[in-house]
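Each chain carries a letter (A, B and C) given by its place in the written order, and its residues are counted from 1.
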Amino acid sequence: MITEGLKGRDFLRLQDFSKAEIETMLEMGLKLKADTVMRRNHDDILPRRTLFMMFFNPSLRTRNSFEAGIFQLGGHAHFLEPSATRLPTLEGEDLGYSSERISDMARVLSRMGDALAIRILGDVVDWEYDKSFRIIEEFAKWSHVPVINMEDNKYHPCQGMADAMTLWEMFGKDLRGRKIGVTWTYGSSPKKPIAPHHDFMYMASLFGADIVFARPPEMRIDPEIEAQVKANVEANGGSYEVTETLEDAFEDADVVYAKNYVCLDLLPPVTSKPEKEEMMKLFNKYKDWIADEKRMNLAKPTAQYMHCLPCERGAEVSDAVLDGKWGAACFNEAENRLHAQKGVMASIIP
Amino acid sequence: MITEGLKGRDFLRLQDFSKAEIETMLEMGLKLKADTVMRRNHDDILPRRTLFMMFFNPSLRTRNSFEAGIFQLGGHAHFLEPSATRLPTLEGEDLGYSSERISDMARVLSRMGDALAIRILGDVVDWEYDKSFRIIEEFAKWSHVPVINMEDNKYHPCQGMADAMTLWEMFGKDLRGRKIGVTWTYGSSPKKPIAPHHDFMYMASLFGADIVFARPPEMRIDPEIEAQVKANVEANGGSYEVTETLEDAFEDADVVYAKNYVCLDLLPPVTSKPEKEEMMKLFNKYKDWIADEKRMNLAKPTAQYMHCLPCERGAEVSDAVLDGKWGAACFNEAENRLHAQKGVMASIIP
Amino acid sequence: MITEGLKGRDFLRLQDFSKAEIETMLEMGLKLKADTVMRRNHDDILPRRTLFMMFFNPSLRTRNSFEAGIFQLGGHAHFLEPSATRLPTLEGEDLGYSSERISDMARVLSRMGDALAIRILGDVVDWEYDKSFRIIEEFAKWSHVPVINMEDNKYHPCQGMADAMTLWEMFGKDLRGRKIGVTWTYGSSPKKPIAPHHDFMYMASLFGADIVFARPPEMRIDPEIEAQVKANVEANGGSYEVTETLEDAFEDADVVYAKNYVCLDLLPPVTSKPEKEEMMKLFNKYKDWIADEKRMNLAKPTAQYMHCLPCERGAEVSDAVLDGKWGAACFNEAENRLHAQKGVMASIIP
C-alpha cells in the first residue's frame, strides 16, 4: 500500500500510475465496499467536497456511480450537461458567446470545487481519435484540482479499475494462469467505443492473465495499447495471443470479455471523416460474432461473461448468457464502478 | 401503527397496501412534518441513502418534493432525465445503442443506490394505457431495492397519499359524513392524466367519505378503480354516487376536487391510437364545466377546492376560486407531497 | 456589522440594501472564504436547507457557485431547467398544460424549500427590457421564502457582490482615490447582457471609486442606473466621468473593467423587437474596442483586468491580457461569486 504521492494527482490514464499505486486505489475501493456492506458510514473521508462532472455523452453507470460515490464519501457532485453550459473549446476553436475556452472553464471551476470529471468521445468530437483526450488534458493543464477521465476515445480508466476489481474478487490479485478471452462482437451501430477493450486488456495484462484476443482481421486495437499489453504480460507473467477465430477466446476460458467496438481504420485520422456506412458493411460480414450459450459452453464450467454495459442483447450477447449463470460478473462489474471510483476519489482528492 | 412489513417494499399502488399500512406511512409523514415545523433535524433516518429519480415527463412538485424530502432525511436524489441516459426498453423493444433493457438498468442502479422512483405516462408511451405501469413493474421485478411509482397512466399513489394527508388535516382520519364532490372539468389540451382522480377517490373512499362524482357521460374512469372505490365505501362507511350534473358535486360539499382528465374511450386500447382531435371536440362540448365562484358558493361555507396542480386557470378553475378562500387546501395538498412521500420513504427504504 | 433585518429578505437588487447591509453580507462572505482556505467546515450554518435554482439561460459560474455554496453551508440546491418543468407565466400569458402561473409555482416551491433563485434574461423574454425583472418580482411576491436574483436584463446583484469583494481584496473597503476604468468593448454577438456593467459601476461608486466610463456614443447604459452611480459617488467621495475615447478608461487606471454589452436603443421597449442585425452593424464600427496589451500598458503597472466571464477572447479582450499579469483579478472575481453568494445566503436564508 502506497501512502504518499496520490493526493492531488489527476486520474487521466491507467498508464500514469505504477502497479503499486493502482493496487492501492483498488484496495481503498474494496475497503470502502466492505464498509458499504456493513452500512458503515464513511462520509468523513471527503466532507463537503464538490465534484464537477461534465458529460458530453449519455451515461447511466458513470454518472450514477460518481454521484452516489462522492455523496457516500461526504461530498456532492454537480451534473453538468453541455446543454446547460457553453461548449468548452481549445484555442483557435472559440465560437463567440456560445463557447468558452477550456483554460477559462477549468480555472473557474477549480476555484469553486475540489475535482473535475469529464466524459467526451465519439460524435461530439466527430470521432477525431486523439481529440477527446487532448480536451481532457487541456482541462487538467489549467485545473488546480484533480481531473478524472470518465472516458475518451482511447481510455476509460475508471472502467479498467472496476474490471480489475471484479477480476480480483473472482480470482485474487494474481491472475497468472487464468485464461481471459477477449473478443470483438457484432453490434448494430458504428458507435460503440473501443476504450473499454483497451483498459480491460491493460488491467488483465498488468495482473498477469493469459489473454486470448479474438477479432476479425479488420478490427485491430490501438497499437500503442497493444504494445503496452505485451509489455505488461512480459513483466507480470502472463501471455497475449491474437486470433481470428472467435471460439479460441472461449475455449477453456475463466472469463470472456465480449463487446462490439468501432473500426479504427474507418475513423479519423486514418480516414478524413467517420466512414459509418462502410463500417456497418464491415460489421455485417461478422453478424455471427456473438457471445452465446453454445460458445460460453466451450469455456470452463465456472466461467463468467464480462461487458462494461450497456450491451446490445442479440448482437453482442444473447439473453441466455447475460441472464444465465454466466452473467453475474457483468453486474458485479457495473457495481464495482461505484467502489473502484470511490477508491480513486478517496486517494487523489485532497 | 404497523411496525413491520414495510421496510424493503415497493410503493407501486395504494392497492398493494392495507389500510393500516397506509395509515402508518401517513402518520410517519405527519410526524416528520411536525419535526419540520420545529426545524428539528431528522437526517439520521436515511443517512447517505441514494434515490434514483427517473422522469420521462416534466415535473415540478414530484421532483422537488422527492429531492428535498430525501435530502431532509439524510439522503440524496439523482435527477435522471431521459435525455441524459438511454431509453429503458421492455424485452422485444430494444433499439441498439440508444436504448437499454430495463432488466439491465434496474439491476445496475439497484447495485448503486437504495431506491428507484419512476414517472412515465402519456405521450412517452403513446398513451398505451397499461404500458406505463408495466414498465414500472418491470423495474420493480429486477430491482433489488424499493421502487416508487411517481405516476403512470393509471396510478399516482404519492399524490393519493398527499391528498389523504390534506383531508386528514381538515377533517381528521375519519371522513364519514363528509361530502366530497369530485368532477371532471374542461381543459384545453387532450393530455391531462386521469391517475390523480383514481387515487384521490381511492383514498377518499378508503377513509369513508361520501363521494359525489360528476362527469359528462363520455368521461368514465377506469371500471377497475370504480369497483375498488365502491368496495371501499362499503367497507368503510361512506357512499359513492355518479351524476352528469356538475352542480351535484358542489352542493353542500366539504371539499370539491375538480380537474380535467383524458377520455379513456379515445385512447388505446379502446382506439388503435390516441384520438386527440376527437377528444378536443368532445371537451369543447363541455367548456362550461369549470370550478368557479358561483359553483363553489353552492358548497359549505368552509368548503375547500382541491387539485393536484398544475391547474389550468380559466379552464379547470377560475382565478377567484384558486386565489380566494377556497384555494388554501390546494397548496397544502402540494406541500403535503413532501411530507407524505417522506413518510413513505422513511417507512420502506431500508 | 448589521445583526438584524437581513434574515428572510429577498435579494433582488443591490439598491434594496443599505451600504451597511451590503458590507455585512460581504464581510460574512469573506469570513466564510477564510474558513474555506483553512478547510474549516461550516455546514452548520444552513443545515438541510433547500435552494431551488431556476435557470432559463445557460450558466457555468452562477449555477456552480450557488450549488457548491449552499452545499458547503449544509444545504442542497435543486438545478431546475425549463426543459424539465413547465414555463412560468405572468397573468394573461398562460399556455394551458405546458405553462404554470408564477403565483402557483412560487407558492408550491416555497412550501417545499427554503430559498428560490432565478436567472431569466435575453432571448427567453424576447429582450423585453423590464420583463425579466418583473417575472422575478412576481416570484418574490408569491414566495414565502427569500428569492435571489441570479441575473435579469437590468440587474446582476450577485455579480456586483463578487466584484466588490474582489475590489476590496485589492484595495481595501475604501476605494476613494482609485481610478477604475470601465468600457464597452466589441463582441461578435448581439446578446451579451448589460446588467454586469450596471452592478459593477453601482458597487464601485458605492465605495467611492473614481470611475471613467468609455463607450461609443450609441452605447449608453440605463439612465436610472447612471443616476444612482452619480448619487453614489456624490455621497461616498468618488467621481464619475463618461468619455467616448477608449484609452481614457485605461490611462493610469488601477482596474479596467472591459466587456461587451447590448445596445439598449436597439431593443424593446425602444424598438418594437430586438434589432439584432442593426446592432451587429453598429458593433462592427467599433471592432477595435478591445482590451489589449497596448492599452493595458497605459494603466498603472499593478493594474488588473476585470470581466464577469465568460469573455470573448479576441473581441473583448486579448489572450495576452487575460492570460498575462493583468488577468488574475478576473479569476478571483469568478471565485468570489462563490464566497460572496455564501455571504448573502448565510445572511438572508432563515
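Worth a mention:
Heads up, the rule we're going with is that a contact is a pair of C-beta atoms (placed from the backbone, for glycine too) under 8 Å apart; a residue touches a chain by one contact, two chains touch by 3 or more.
Model, not experiment: these values are computed from the prediction.
In a homomeric contact, the two copies may use the same or different surfaces; for subunit A and subunit B, under half of the interface residue numbers are shared, pointing to different surfaces. When the CA atoms of subunit A are superposed on subunit C, the rotation angle comes to 120 degrees, reported as a multiple of 5. A separation of 41 Å divides the Cα centre of subunit A from that of subunit B. Multi-chain contact residues, meaning those touching two or more other chains, occur in subunit C at positions 76, 79, 83.
Residue ranges on subunit B touching subunit C, taken from their complex, read 41, 43, 55, 58-61, 63-65, 67-68, 71-72, 76, 79, 81, 83, 187-189, 191-192, 309-315, 319, 322-323, 331, 334-335, 337-338. Listing the residues of subunit A that touch subunit C in their complex gives 47-48, 50, 52, 76, 78-80, 83-86, 91, 94, 96-98, 100-101, 103-105, 107-109, 111-113.
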